[in-house]
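Sharing a structure, written as structure tokens. Questions coming.
Naming follows writing order (A, B, C and D), and every chain is counted from residue 1.
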Amino acid sequence: MQYGWSWHLEWQYPCEFHGHLIDRVIEDIKTSYQRIMVAELTRFGKTLIIDGKIQSSVFDEFIYHETLVHPLLLSIKNPKNVLILGGGEGATLREVLRHKLVTESVMVDIDQSVIDFAKKYLQEWHKGSFDDPRSKIIISDAYNFFDNNNDNYDAIILDLTDPILGNTSYKLYTKEFYEKLKKHINVGGGMVTQATSPSFNTDTFTTIYNTLKHIFQYVVTSIVYVPAFDGLWGFVYASDYINPIDLSKEDIDKKIKERINGELRFYDGETHHTIFSIPKYIRQEMIKQNKISTESNPTYIPA
Amino acid sequence: MQYGWSWHLEWQYPCEFHGHLIDRVIEDIKTSYQRIMVAELTRFGKTLIIDGKIQSSVFDEFIYHETLVHPLLLSIKNPKNVLILGGGEGATLREVLRHKLVTESVMVDIDQSVIDFAKKYLQEWHKGSFDDPRSKIIISDAYNFFDNNNDNYDAIILDLTDPILGNTSYKLYTKEFYEKLKKHINVGGGMVTQATSPSFNTDTFTTIYNTLKHIFQYVVTSIVYVPAFDGLWGFVYASDYINPIDLSKEDIDKKIKERINGELRFYDGETHHTIFSIPKYIRQEMIKQNKISTESNPTYIPA
Amino acid sequence: MQYGWSWHLEWQYPCEFHGHLIDRVIEDIKTSYQRIMVAELTRFGKTLIIDGKIQSSVFDEFIYHETLVHPLLLSIKNPKNVLILGGGEGATLREVLRHKLVTESVMVDIDQSVIDFAKKYLQEWHKGSFDDPRSKIIISDAYNFFDNNNDNYDAIILDLTDPILGNTSYKLYTKEFYEKLKKHINVGGGMVTQATSPSFNTDTFTTIYNTLKHIFQYVVTSIVYVPAFDGLWGFVYASDYINPIDLSKEDIDKKIKERINGELRFYDGETHHTIFSIPKYIRQEMIKQNKISTESNPTYIPA
Amino acid sequence: MQYGWSWHLEWQYPCEFHGHLIDRVIEDIKTSYQRIMVAELTRFGKTLIIDGKIQSSVFDEFIYHETLVHPLLLSIKNPKNVLILGGGEGATLREVLRHKLVTESVMVDIDQSVIDFAKKYLQEWHKGSFDDPRSKIIISDAYNFFDNNNDNYDAIILDLTDPILGNTSYKLYTKEFYEKLKKHINVGGGMVTQATSPSFNTDTFTTIYNTLKHIFQYVVTSIVYVPAFDGLWGFVYASDYINPIDLSKEDIDKKIKERINGELRFYDGETHHTIFSIPKYIRQEMIKQNKISTESNPTYIPA
């Protein structure tokens, strides 16, 4: 066959989709929550697709996961205790554990079967992190997690699915949730959340930023281009104490060397400039929008 | 997700393809010969796809398999011994075994792993036929099968993959092979072959017909519409003794009742008229073409 | 470019679509009723597409138009006056005018701009028929046409757009409309309507058949495979006086010779058998369904 | 119709394509060189597509054209004479003419019919620039342009089609051509070229950079994300006198204010940081590659 026949079509809108050729479907199952596929894409290699959305690929997952984890942890003086909400693949956990200063990393995911699935199929992502002695895996709804928990953390990392209309994850992007969460951040610490795509969902991206700005003193966004996401992806970092953009190019390169095991593939001092400067047309879109996400008026992406 | 995201795109030409939504990929493996996928298609249910071509679906495989088997067997006075070349799914075998007169059905397939695969995943096709006491499964290259075999058969059924450029199955559609095969047909018997699509490959369809006409006295074609094949599909029946079109509507309905176990879903006296009358524009295309397929100048379909 | 880039995707269902490569878009306009595109498709040549549905292509429009017109007109002893409702391309008119016995052909279409469009872009379809002295073009809503009209016709041909949810054309497929229409058929005459696809819309196809059976004495269906429609297409013929299936193969070939100018490409005695015999599985679907289409409970196809 | 049916599929590789819904095809013609389509895309509005590749859309052409023109012109002390090779749409010319210091802008395009086409259909791009008294349009092959020309320029802007296998534009990306071109740059001046996609064609992007580095003293790259190009796009700036990255954020904002008419939408001091810092993984790819493009061993993209 000259023409590819097994395809993942990812729809950004009803008027836009991207076609990725599939070399082989490794697993394709339906859990009570979602349809989970692991497939070999011709371009991106092994890729995790949940309900039709590429979650990450071995080809470029490092862009997302390094940007999520390292600017925050390097900004914090001594990040010992880290909490991850979501992050089922185990790659966020993997990046956190590369930090020599980290002594405990707690990961909270709603579904044991996702962890089991990751252990079985996503070795390239977690690289054994679930079995690291510093790791602690808790099966719980992230939304209720803080209700019965008095622990505080130096860094809290929100590696959640998008707030999609009809799902419940939208609650984890609201003012109410961030207020609850903030009480569990140690002095000197901070948080970060993935913040959807500034290309496809400028409104939601901006609303997440606005909502955090309402609650924290220092709030900044980074934007990266992720090939497998077919566009730009955004993150928001928030803290009352530290700000990633205060770090100079030289600071970052020095701290990476001192604090992180192994070599990073995406993030360094030079990259830092790229991701923390926002192109003018996105800045101007963001200025127009001043919505805040609340439980009664949440932000979300069309299903 | 409102829009489907997991698709099988089947290309008829570089300028034409059909998209089928996949609910779930059940299995997707590469053997040394081919890529085999079993998937649940939204429209057609469980479907076998080999190297990007739909082989058959539970929704409409009966159209293909009944047309391949019954017109030939009902034309033969007493079809006791039947030989099937190919037919890995086991559905042709299933239809043959419904004939009460059949005492032995030999099936020759090149690859044991295809039979094993069918046993594991394609129960709806074979319905246990492989274990019928009248069945005999032989793993062999169909092309060499007659070299060491002195058996004769009342009916020989060629349920082969298409003659595709680059494959070796094209040899099973040549004058040389048909001549070899003919010597193994009992007096009173006949043969049938699937003959590709008269819609998409009129030339190949016609060449198969011409080639058989060169060798046998009575040669006729039938054409059926198979939804999962996205167009018309052709068959050629050949014999020196019998001709399916000599049977009247009443003959067919009577013989079906007498000879076949269970109820047919596609073929009966009325359907007979539909499939053995060829529309004028296809007849006129066929008249223009007088090529014969030989080993040195075979017919095949572009890969 | 090795891969085609300009495509018409025709959706049969949300889970099924066919892609046709476009060599050139000749015209693409929006009228107050619809979006009309004329494009050169690589496979089918010049093609008329309205609101995303292929109406007909130069490659195979003869299959549809010959099947619509000739079985009815050849069954009628002396078809002099013919009424066409719809048929904007002018190809139905063209086929009617090939009948030497026809002295007047009235065509009723709702939209002058469609006629003008056809005159400008669809010469291959109408071939000048609009200017034939026997033609009479009336711009009117077909639904109201009979209210102010006392003329009767030997044959009435309904070449209408599908009854689609949200459109008003569904009224032209109801018991009420057929009853009105019947009063305008001369003794010895009959009618025919296109009846959607028995592959994709078995229910609607059957309902149209049932509805006409309720009103006329002789009602039969024909089914043809139209490549550009990507499946089977159905027609229903109805009359109190004549029945197309009463004609033998020889009758048809003789009448074609006597009555029709030029050579037909699809329809002849042999083809007749193909199209008036319905495959068993469609017959069995039709038996299950006994709905009749009325204005208060009409049949239609999802938009 | 709920699902879109008229699509532009843009192939990045045989295993990757992006589908853009078309609301209306405005014009679709074949010249002796290429197929040119102007269409309204649902997401990007009016878009120019040549031989299946989106050239630019009204939605985001400003990203490409501002990045091509302004970093170079703002780096040059007094850019009076500007030469544009290619740039048929007229948008590069438009951006050049916004510079108050520019007194003459010469545009060289191979095909008068492209200019005529742009004048007729692409008003949103050129905004009348072709008629500006400072514009001079020359129809000539860019490759031969310098042979009979003794003029020098403060800035030379290469707004060319990609070097595609089989085309001749690859000559405009070689050492030989750049050497010829360099002789026509005034003291204090520089050049810029579009440099294909660092996402999809890292090799070609890097080779263009390497080739220019071989010839000029200061050579830098910028990378921008262009939604309609479905990925990153690269540019290379080269000069013996000036270097865009020497300008500080404040310099840029000040010079934009002083020198450019109207407001820019993409480029400013902040954006400058984003586009001139290259992500680590692209830098590391670039280091691996040291090919130089020459006429006998040119770089190009697969057709």
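Quick note on the criterion: a contact is a pair of C-beta atoms (placed from the backbone, for glycine too) under 8 Å apart; a residue touches a chain by one contact, two chains touch by 3 or more.
The model shown is predicted, which means the values in this text are computed figures rather than measured ones.
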| item | value |
| --- | --- |
| Which of A-D and C-D has more C-beta pairs touching across its chains | A-D |
| Whole-Å gap between the CA centroids of chain A and chain C | 56 |
| Chain A-chain D separation of Cα centroids, rounded to whole Å | 34 |
| Between chain D and chain C, distance of the C-alpha-averaged centres to the nearest whole Å | 52 |
| Set of chain B residues in contact with two or more other chains | 3-4, 9, 14, 17 |
| Pairwise touch network: line, ring, star, complete, or other | ring |
| Interface residues, chain B side, partner chain A - complex | 1-11, 14, 17, 24-26, 28-30, 35, 37, 49, 51-52, 303 |
| Chain C residues touching chain B - in the complex, by the definition given at the top | 3-4, 9, 13-21, 41-43, 62-63, 199, 224-225, 227, 230-232, 264-268, 270-274, 277-281, 283-284 |
